Amino acid sequence: MLSIKGKRGDAVVRTITLSALEPGRTRLQGEVEAMGGTNVRRCYQCGKCSGGCPASFAMEAQPRQVMRMVQLGDREGALATNTIWLCASCLACTTRCPREVEIAGVMEALRIISRRERRVPSDRNVALFHDIFVDAIRRRGRLNEFELAMRYKLASRNLFADIAQGISMMLRGKLALIPHKYRGRAQVQAIFRRIKEAEVKRS
Amino acid sequence: MKRVGVFLCWCGSNIAATVDVPALAEYAAKLPNVVYVEQNKYTCSEPGQEQIRKAIAEHRLNRVVVAACSPRMHETTFRRTLASASLNPYLLEMANVREHCSWVHQDRAEATAKARALVRRAVAKVQLARPLFQSSIPVNRRALVIGGGIAGIQAALDIADSGHKVVLVEREPTIGGRMAQLDKTFPTLDCSSCILTPKMVDAAQHENIQLWTYSEVEEVGGYVGNFQVKIRRRATSINASACTGCGACWEKCPAKTGNEFDLGLGQRKAIYVPFPQAVPNKPVIDRDLCIYFKTGRCRICQRFCTAGAVEFEQQDVVVEETFGAIVAATGFEQFDHAVYGEYGYGKHPDVITGLHLERLISASGPSDGKVKRPSNGAVPETVVFVQCVGSRDEAKGVSYCSRACCMYTAKHAIMLHEKIPGVSTFVFYIDVRAAGKGYEEFYARAQELGAQYVRGRVARVYQRGDKLVVMGEDTLLGAKVQVEADLVVLATAMTARHDAQSLARTLGISYDQNGFFTEAHPKLRPVETNTAGIFLAGACQGPKDIPDTVAQGTAAAAKVNNLFAKENLLAEPTVATVNEAWCSGCLWCKPTCPYRAIDSKTISQRQVGKILTRQVATVNAGLCQGCGACTVACRTGAMNLLGFSNEQILAEVDAICP
Amino acid sequence: MSVGEQSWKPTIVAFCCNWCSYAGADLAGTSRLQYPATVRIIRVPCSGRVNPQFIVRAFQRGADGVLVAGCHPGDCHYSTGNYYARRRFLLATRFLEYLGIEPGRLWVRWISGSEGHKFATVIKEMSAALERLGPNVKLREGAL
Amino acid sequence: MKYVYYPGCSLGGTAREYGISARAVNDALGLEFQELADWSCCGASSAHMTNLDLALALPVRNLALAEAQGARELVTACASCYQRLAIVAHEVNTHPRARERANQLTGADYKGGVTPRHLLDVLGKDVGVDRVAARVTRPLEGLKVACYYGCLLVRPVKATGFDDPEDPQTMDTLVKAAGAQVVTWPFKTECCGASFSMSRTDVVAGMAAAVLSEAKAAGADCLVTACPMCHSNLDMRQSMAARVARTTFNLPIYYITQLLGLSFGYMPRQLGLNSHFVKALPLLRRLRLV
């Protein structure tokens, strides 16, 4: 009665020289903990997170395995899996973890580290979508879903997928065509500016 | 003339790595009255102790300071060393430079400076030490065992066999405890009742054992050798000597409820014996359920009792007894898995615990030994065992491992494969812990019989149609797996009794953060408590299986027998003492004493030729436990505590302040 | 160490009951929990043994803080000692205030034998609090 | 009862019918929602995927606006906005340093006194099931509903906490008050993958299929939700999910406010019931509820 759902991606089989990784509490762990506020060392690999993960069927590595990579300081491994991008942040794992590790928080931290290091995201579409989403907020202060959808489709060169849904949404009055214009916009843009300045200062 | 010897221990590198011991030695040599300083790799070792003895003789030392580990660890050791060198053992003072210094600080300079202060303190205190002598108190050679499970039964039998009287108190109507609920026992698959029931009968029939079931300890006073204990003997409503145990009463009784012994899987009446092999095999009336006690009408049981043994008018009786020693053997409770929403909050009837399965497998259980799904009575084809439910879960359960679950699950799997041909079993585990004689082999046998072990903690259990879906990760495959099961058995954690803390307070013993009673030393004094004369056996001290429980029961009995081997006990001499010349006789000290050790007496004094009589306080050294509360209540400073005198503590304060 | 030095660190005199808090400090040791080397422990059988006189003496001799640590209420090895202690130190704090000692210099804490962590935390917190308060000069002999 | 209300970006767009029906239900129950003036996007879905500062600052700007208006609570109907606001509020309300940082970034002076709340919580606790039941004029008899809370409403527990993370009940009691029958099913809080609705349709199809299959297996003939993300995902992607699962679902997805509105006697058009991908009306007609 054992059924394995889904298929794992083409995970690259590697031999990891553990002694070449950082000993003890690694730098990667430190970075992740600083962002996710959680102690990855505490994970004892029980797999409760992955057993209940609704997206794990599409992941190259189970969330538990990503925790292991962080524990070992395997930076390349952790940042290369599509797992960190396919985490939907539904927090089922975090809520159930018997060691109170914030697994979803770790995924979030790894995504941000990947961005900071300007790596090519292991799932380009997910990353692209978030970029465009955030840029759309920067432009208008509020999100125009129609604009988001169109820009995403242009950028992902996938203009014709979902075209039927798009049209029928418009017909149902669900895609507002007129972008919002209001005072908050300037303030939101100021927020983006301050964050940019802080980043420049940091680097 | 005070001649102080200072012995500095390196404790291998435990102290020496952080504290500069040679520099400390140089410093100690300059302290007042210090005539001899020596360093040792291990002062507590036999050569180390020999050095002390030698130095005492050669340098005519009359005070000794050992700077080493905690006095809680080795004060007794070094006191004995002094005694063997014919020096009064209370002329010793320890400086705790390990637990309180080298292990908790890293900076060598800071740690060494602190060690200097600690040695200075010890030297200052020891100057004012006086020789003290132990007094003796008589021992009442009668033991109280609280809890009639296998631990308590074993302890009671072993004490009784040595010729001492024992009272075995059990809260339930029968002795037998958890073990009586089990079907078979790992790793030999002995039938639990077959090995337990004879012991229960032995305990009941032993000439030295009084069995008080349906009874609870309410108050404990006194001290080792002389505990005064109040025990409530609840009204059973049955005249035990008249009752023949024929069973006519419980057959006719119209009031029913779920049988606690079968964890609600079967039923019992208001007048009942918990299970057929109960000891004593006499019923009790559950007054909360009994129709007569609720409405004043019924009395059917009384009508059918030919022996006339039913006595509705019985009352609880509180008796006060004296004991020389107490064994606590109150056992454990099962963790309530209703906290796990992901496992259905305890609402699915086919999600049961290991103990439920024991009752289902047991030939004397509610299903006559046939394993059936509680929901529909069908024989399960696929069974999933979930390990670590509550155990090893800091978020929703307890942090510790419950120790017995891996093995009883292997037992369950083996038994299911024997009972149900073609059954599939899956055991979801995090780690299999099979450290015990014959345990690993037993686990291998379960696998050989077909139990499929899946490494991963179960994430979810939910109902889909008639089946239970169990979801988890096979962490060895790195893949999410699911099983459609008929029955899910949870290995729930063993937890302390919900009221263990209140019993601990009654007994005056300590308990850990999980509510388990604390042993005096985790390795070297495993069945003693920090309260002299009170011992521990079984799962009230921490989760354990039957072999360990029985071993502890026997060990606790050995400790009691040890105590009872003496007619008198030597009492600690660090007790309160009164300076009669200063005492004004106000007796403010008296009410502060928790042991009623202080009284007043009249003394005669010759003053300016006249004889004057006046009242002063006096301390019973046998009763005094040396807490010192009276010393602070004393306004004239007449009350003092030997070994912790006002002068000594002030000297310590002076010595450690900058 | 004189007050002006940058490296000034407070001195804490801790009265720990033998059964709970002293054992808690031992557990901090066996667990290798690090805390500032500011504390020096005096072992007493019970927090009820601690005479306010001892505390005043410590402040006179230049201690910057005094900690009295005993078993949790209800857990006293001698059943009632820590209740006496609790009542007594409420009064003592007021008396010390009268003498000009900041109430923040006397801490009373309940630390059990299983709370090594708590012991370490209390010492860390107390050291930090005393560093903010600065050295005790009020009662110190010579300062009077 | 008066509340300051944060609409969020979806309720004027893809979740238009949620906005409309919520207004209708509020009117019927005497709830006054005053729109937070000058609100901006909370960054939900994406800000916390790209930049922690951004994830902090965007919600705080809105919390600060609410606080400046004297509000102690900020109500939203969107589960996604609710979760972002709740997480950030929990952080900045309890950690002064995070608050300081957020104020620096937003230029606001937020003091930490606003608690975000979800409409469902307001309906369940402040209004109460009894008052909802009293307003029902057309009980939804015969409708078998799987209440789908999704992952955003009840997690993380420390920030949300108005209902149970594994088996929440608020929506169930409201749906029962409206006269419908709720089914017991296990995937109340299982994620449907809405955040990948555009970027990874294959993943979304699998996740949505799991949720829809369990609802169907439990005997539901529709799902009800309080989340625009879940709604658009389960509604718009249902045909694709059905293809992946090699089955047909035909499970209309309603907003809780649509069902309540219907039971209060509103017309389908007033509740936007005509604008669903999976036709919402045939089932209701069959049961003679419209």
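Chains: A, B, C and D, in written order; residue numbering restarts at 1 for each.
In the analysis below, a residue touches a chain if its C-beta (ideal position, glycine included) is under 8 Å from a C-beta of that chain, and two chains touch if they have at least 3 such contacts.
Predicted, not measured: the structure shown is a model, and the values here were computed from it.
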Handout entry: Of A-D and A-B, whichever chain pair has more C-beta contact pairs
Key = A-D
Completion exercise
The distance between the C-alpha centres of chain A and chain D, rounded to whole Å, is 22
Handout entry: Mean-CA-position distance for chain B and chain A (Å)
Key = 50
Handout entry: Centroid distance [mean C-alpha coordinates] between chain D and chain B, Å
Key = 52
Practice task
Mark out which residues of chain C touch at least two other chains, giving numbers and ranges.
Solution key: none
Practice task
Can you tell me which residues of chain B touch two or more of the remaining chains?
Solution key: 342, 460
Exercise for the section: Mark out which residues of chain D touch at least two other chains, giving numbers and ranges. Expected result: 165-166
Fill in the blank from the handout: Chains touch in the following pairs A-B, A-D, B-C, B-D
Problem - Residue ranges of chain B touching chain C (in the complex, touch as defined) - result: 70-73, 96, 98-101, 103-107, 110-111, 113-114, 117-118, 121, 505, 508, 510, 512-513, 518, 530-531, 574, 592, 594-595, 625-629, 631-633, 641, 644, 646, 649-650, 652-654, 656-658
Exercise for the section: Would you mind writing out the residues of chain A in touch with chain B in their complex? Expected result: 1-6, 8, 44-53, 56-57, 61-62, 64-65, 92, 96-100
Problem - Contact footprint of chain D on chain B as seen in their complex - result: 341-342, 345, 460, 462-465, 469
Completion exercise
In the complex, chain D touches chain B at residues 164-167, 184, 186, 214, 217-218
Exercise for the section: Using the touch definition up top, name the residues of chain C that touch chain B in the complex. Expected result: 1, 11, 13, 18-20, 22-23, 25-26, 28-30, 32-37, 40-46, 48-54, 57-58, 61-63, 74-75, 77-81, 84, 88, 112-114, 120
